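You will see chain A twice below: alongside chain B first, and alongside chain C after that.
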Partner chain A sequence: MSARRPTLAVWKFASCDGCQLTLLGCEDELLTLADTIRIAHFPEASSVRVEGPWDLSLVEGSVTTPEDAERIREIRRASKHLVTIGACATAGGIQALRNFADVEAFTRQVYARPDWIATLATSDPIAAHVPVDFELRGCPIDKGQLLEVINAFVYGRRPQIPASSVCEECKRAGHVCVMVAHGTPCLGPVTQGGCGALCPGCHRGCYGCFGPKETPNAPALSAWLSRLGMGRDELVRVYRTFNANADTFREESLRHERDTDH
Partner chain B sequence: MSETRTIEVDYLARVEGEGALYVRTEGDRVEEVKLRIFESPRFFEAFLRGRDFREAPDITARICGICPVAYQMGAAQAMEQICGVHMDAELEDLRRLIYCGEWIESHALHVFMLHLPDFLGYPDAITMAKDHPELVRKALRLKKIGNALMRLVGGREVHPVNLRVGGFYRTPTVDELAGIREDLVWGLDAAAEAAEFLAGLEFPDFEMDYEFVALVHPDEYPIIHGRIGSSSGIDVPVSDYDRIFTETHVVHSNALHSHLTESGRPAFMGPMARFALNRERLTPKAAALADRSGLGTVCRNPFKSILVRTVEIAFAFEEALRLLDAYRPIARPAVEASPRAGTGFGATEAPRGVCYHRYTLDEAGIIRDAKIVPPTSVNQPTIEADLHSLVQSHLDLPDDQLRHRCEQAIRNYDPCISCATHFLDLTVERG
Partner chain C sequence: MRVIAPQAMEKLVHLLSDDGYEVVGPTVREGAIVYDRLGGMDDLPIGRGDDHGQGHYRLRDRGDKALFGYVVGPHSWKKYLFPPRETLVRVLRRDDGGFETAPGEAPPPRRAFIGVRPCELAAIAVQDRVFLGQAVRDRAYGARRDGVFLVAVNCAEPGGTCFCTSMGTGPRAHGGFDLALTEVIDGDGHFLVAEAGSEAGGRLLERLAPREATEAERTAAERVWREAPARMGRSMRGDAREVLARSLEHPRWEETAARCLSCANCTLVCPTCFCAQIEERPDLEGKVSERVRSWDSCFNGEHSYVIGGPHRTTVAARYRQWLTHKLSTWHAQFGSSGCVGCGRCITWCPVGIDITEEVAAIGADTGGSGP
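Now for the complex of A and B:
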């Protein structure tokens, strides 16, 4: 008889489903994966629900409602390891733009009866509510990195996910630097790699889907972006997308927002 | 005295996003049916205000990881209309090609991994693979080819990076595209084979008198262009969308409901609507497959949507092959757009139906107003009407069977709740 297969649970909070879809997008690996681990809770793919505790919980999405905040605590209690997948769960996602605005005004703009909508003032990363064992970056996450993380936790080792920049991947891929050669604004120097430098490969600047790299120097990059002609509002916006609430990007956008000299 | 009975599903499985179902019956009457959408709101329309018009395709893509291209393209079209951009025909063809990829991956996911397990009695495709290994392997390969096509044109399958207002950042070379041709040929055959297998499934005897709404186009099966047409004779430009539909906020759903303004009726969007209104413009092999699948000229049984989706998979492969064979190097990857003030409209056929966009820009190209209506949002009242009718005619079934039938009826629509909330949990209460 084979040893007990570790159990996997996949959870959704506020998100677009793209990161959990990445697991179903492992078309070549999915059936093998399902032999190695037992998919115990994955409502988007299966109506089977195996009660916890679970060995590995993958969490997609950000915490945006009072119920979310309670639910993530229950999931954490029942999970041996908890890994966030993607920019929403790791940094709050695009919906964290509310953190810079008045969420009541947002609700009034979208819904006729704002009083029927229960929502928190901020969109929070999972780690703001419970301890997280590993945060996988990306909007969306990369399939290869997801498989690496699952493997690592199944076999009890740390995931090998580099925290270096898109620039390094870009050089290795042999792309021409879009900023140096064409003056195209690019967040590559401050953004963590993992996508494979997709944007420069398409002749556009990186727009930061994987969030800040380790030890980023955003002010130095901003100075270059200014020289390329970006004004204050553009500098605020360029850091304020899918990882707007990640520390470095948040601070840098706030710094430009406060800057009245522009 | 009549007995109250409730049937509930508090977290619907095999749909994209978070929803629930609540049904209450009193004696032999269905009193209440609610498709509850509790997915958290994310407020896209609010935070698009104040953004540059060129940012809209990347931001709106994040509404949905399954059909990002629908959002990117609707947003781009609206901006192009405002800026007076006339798109090059070859760029429009390349847009249609990547959209074929999105139809293939999204439909293959739904047909084989989310919907088919209901018909064959499995909880999921992975369990189904133990008894039907070849079927599931082929399904996964179909899906994979759709994703590969999106990656080839768009850079990646979830949230492609290569689409922009005016076209693309970089256009693929003829050689790059040629690499996928063999897979497309295989996919067309595999979809046809799958359709024959699926046509042999047992379908519940259930039909409704729907008001089908889809894009209609004189020359092509609609994907990225067309007027808004309906089975009752609506035929208007996309810019009239807000006039023909009225959106309302109901307490049990974080996704706004829609009704046709004039008749007050709910609308049906998606593959069955496209098929009903555009069947004669299917590509030849897909049209022949529709005949062999017994679909007739119109299909009103939502359980048979699985057949229509499969015909559309075949169509998307056939169309992608045509576009690929006609592909020549493109002189400019995008038409430059200069901002100007105004309001513009965009609508394309997302895998689940018409996805509508409206934006207003100021003279600097900053978004001042945004409205986005995903098809699942429109389909909510139609799904509730189906459930009402279905429960009413199956009150003799025990709760668990009735619950399962209800869940299946919801999955007929391939609802994308993440899209619609800006959207699912089943409760049946019997009285």
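Now for the complex of A and C:
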């Protein structure tokens, strides 16, 4: 590490701010973090703003407006490394449900003057607009994983973020499988870990907050979920949450939607 | 052989605790029988049994007071001997620019395992060969393994996914234990027949069970081992090693990959799977780095990462790697099969893929002598 502290900027697009707050939630590590990197732009934490270019930009949120599509290009130009954080930034977020519907119909329903609304037809992950150096998954992201990613960029190494299943975290934690032992539908086998298997640890099925794992096999899981009693409508919905627009989940929900239509 | 009343399990737990052991064994949690600390016999799964099928497990009431009336749960003893995550070493940067190392973990407690099934004894023996029987001895594993006191319980309850008989590992333990118990529940009563398998086991038995078993009690215990195999739900072809060795291009690999989730559950519940990943975990200040070893799986792409990327990119390649290693190439590497027939990979596969069915399907197409 050079004597100069690397600069960090945090950016918000269409999102709930929860992932940014994970950075502020690093209570024990926050002071060390502030000693190691220079927080140059982080409106949630400070009104101090240091002009770019920045060494590392963390980007939260999805691109949903023409203005944001332009703004992310400016941020990319001024950032040495750009890391997207959270399901909105990496997959389009819950607001990507619009991708399965007609946004103009929504605006006509909701707004008195829909012609004042300038919005894109889809909610896009940041990587659909600019090159991204690393995508950190989760809704919200995990604090430990965020620190690992920042650490990796500070020292110029590859982040050690596994793309393996939630099941792996369940088994390491010693949780009993909710699907096998209780018959509870669970997306864990197709979902990337990182949350520490929070929901199965509370006897709930996984909701897929970290998006599809590496080599996911959603059709095979869906076939088993059907055996557990899930109908087609439920199968459409189970894949349509925070990562509805992630490739595997989108294709799987569309597949069941087509089945429902027939 | 000695005989003890079920209530003597309370005394067994306390004797072992008094001798300085952390006593661990079966207990009910989250709707399953798992391994955890035992404070006394009330922590045992008294009167509970379990039903096993492909991707299916349910606890049930047995309607009796059996202490060990279940098959096996999702946990195995490897979680104690080869823990899911451990820090192997801590590396500390000195002010002069050099570095020094420190142990990653505190010395492990001496543990007593209560209720080790014969298939699990076999699994411990397999992992002993992996971690201790090679040119380089795994010190962390050895430190945990050396102090262990093993109380085996012969199997009276083979499950729907069990096939230990065809792997030659059960249902009766033939060594590798300090103490072996056989639980007998019949019209005449409820008792356990105990035999020592080591000097330490013999000494404990003297304190625990002074009375020799009668001829009738020994016969009742033998009936338990004799009758158990008939209730076993699965069997493995005896020529699995040869069948798989000649079937590396079999179309079944692709067919199974269409069902397989590559979620790694089979390998993580397997009591012999030993794959791990090792990561260096430096702190933000660059002063301390921890080398952490945690459970990994051959079903993960990263696990086959070499220069240029993972070399097992397809699920078919990963499933083939697991099955052929477990049942075939393990023999050449470690001198035995890697499978002990406990059935966990069948029960805890979220989509019910059955290792015995896979080998049977491949074997049916490639000939051979059959089971």
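As a convention for this text, the second predicted complex is superposed on the first by the 257 of 262 C-alpha atoms of A that agree within 3 Å, B and C clash if a C-alpha of one lies under 4 Å from a C-alpha of the other, contacts with A are read in each partner's own complex, and residues count from 1 in each chain.
The rule is short, and it goes like this: a residue touches a chain if its C-beta (ideal position, glycine included) is under 8 Å from a C-beta of that chain, and two chains touch if they have at least 3 such contacts.
Keep in mind that what you see is a predicted model, and the values were worked out from it rather than measured.
Undergrad: Kindly classify A:His203 by the partners it touches after superposition: chain B alone (first), chain C alone (second), both, or neither?
TA: both
Undergrad: After the superposition on A, what does A:Asn151 contact: first (chain B), second (chain C), both or neither?
TA: After superposing on A, A:Asn151 lies in contact with chain C but is clear of chain B.
Undergrad: Residues of chain A touched: more by chain B or chain C?
TA: Comparing touch counts on chain A for chain B and chain C gives B.
Undergrad: State whether A:Asp68 touches chain B only (first), chain C only (second), both chains, or neither.
TA: Only chain B is touched by A:Asp68; chain C is not.
Undergrad: Once the structures are superposed on A, label A:Asn217 by its partner contacts, choosing first (chain B), second (chain C), both or neither.
TA: In the superposition, A:Asn217 touches chain C alone.
Undergrad: Between chain B (first) and chain C (second), which does A:Gly174 come into contact with in this model arrangement: first, second, both, or neither?
TA: second
Undergrad: Please identify the positions on chain A that touch both chain B and chain C, taking each partner from its own complex.
TA: 203
Undergrad: Under the touch definition given earlier, write down the residues of chain C that touch chain A in their complex.
TA: 29-32, 34, 55-59, 73-75, 79, 84-85, 258-265, 268-269, 277, 279, 281-286, 294-295, 297, 299-302, 314-315, 347-348, 350-352
Undergrad: Inside the complex, what are the residues of chain B that reach chain A?
TA: Counting only chain B, the residues touching chain A are 11-18, 39-47, 49, 51-52, 55, 58-59, 62-66, 68, 109, 113-114, 117, 123-127, 129, 136-137, 140-141, 143-144, 147, 155-159, 161-162, 164, 168-170, 248-249, 251, 254, 256, 333, 407, 416, 418, 422.
Undergrad: In their shared complex, at which residues does chain A touch chain B?
TA: Listed in rising order, the residues of chain A that touch chain B are 12-19, 21-22, 24-25, 27-28, 30-31, 34, 39, 42-48, 64-65, 68, 93-95, 97-98, 101, 103, 105-107, 109-113, 116-117, 119, 123, 139-140, 195, 198-199, 201-204, 207, 209, 234, 237, 241-242.
Undergrad: Inside the complex, what are the residues of chain A that reach chain C?
TA: It is residues 1, 29, 32-33, 35-36, 147, 150-151, 154-155, 160, 162-165, 167-168, 171-177, 179-182, 186, 188-190, 203, 213-217, 220-221, 223-224 of chain A that touch chain C.
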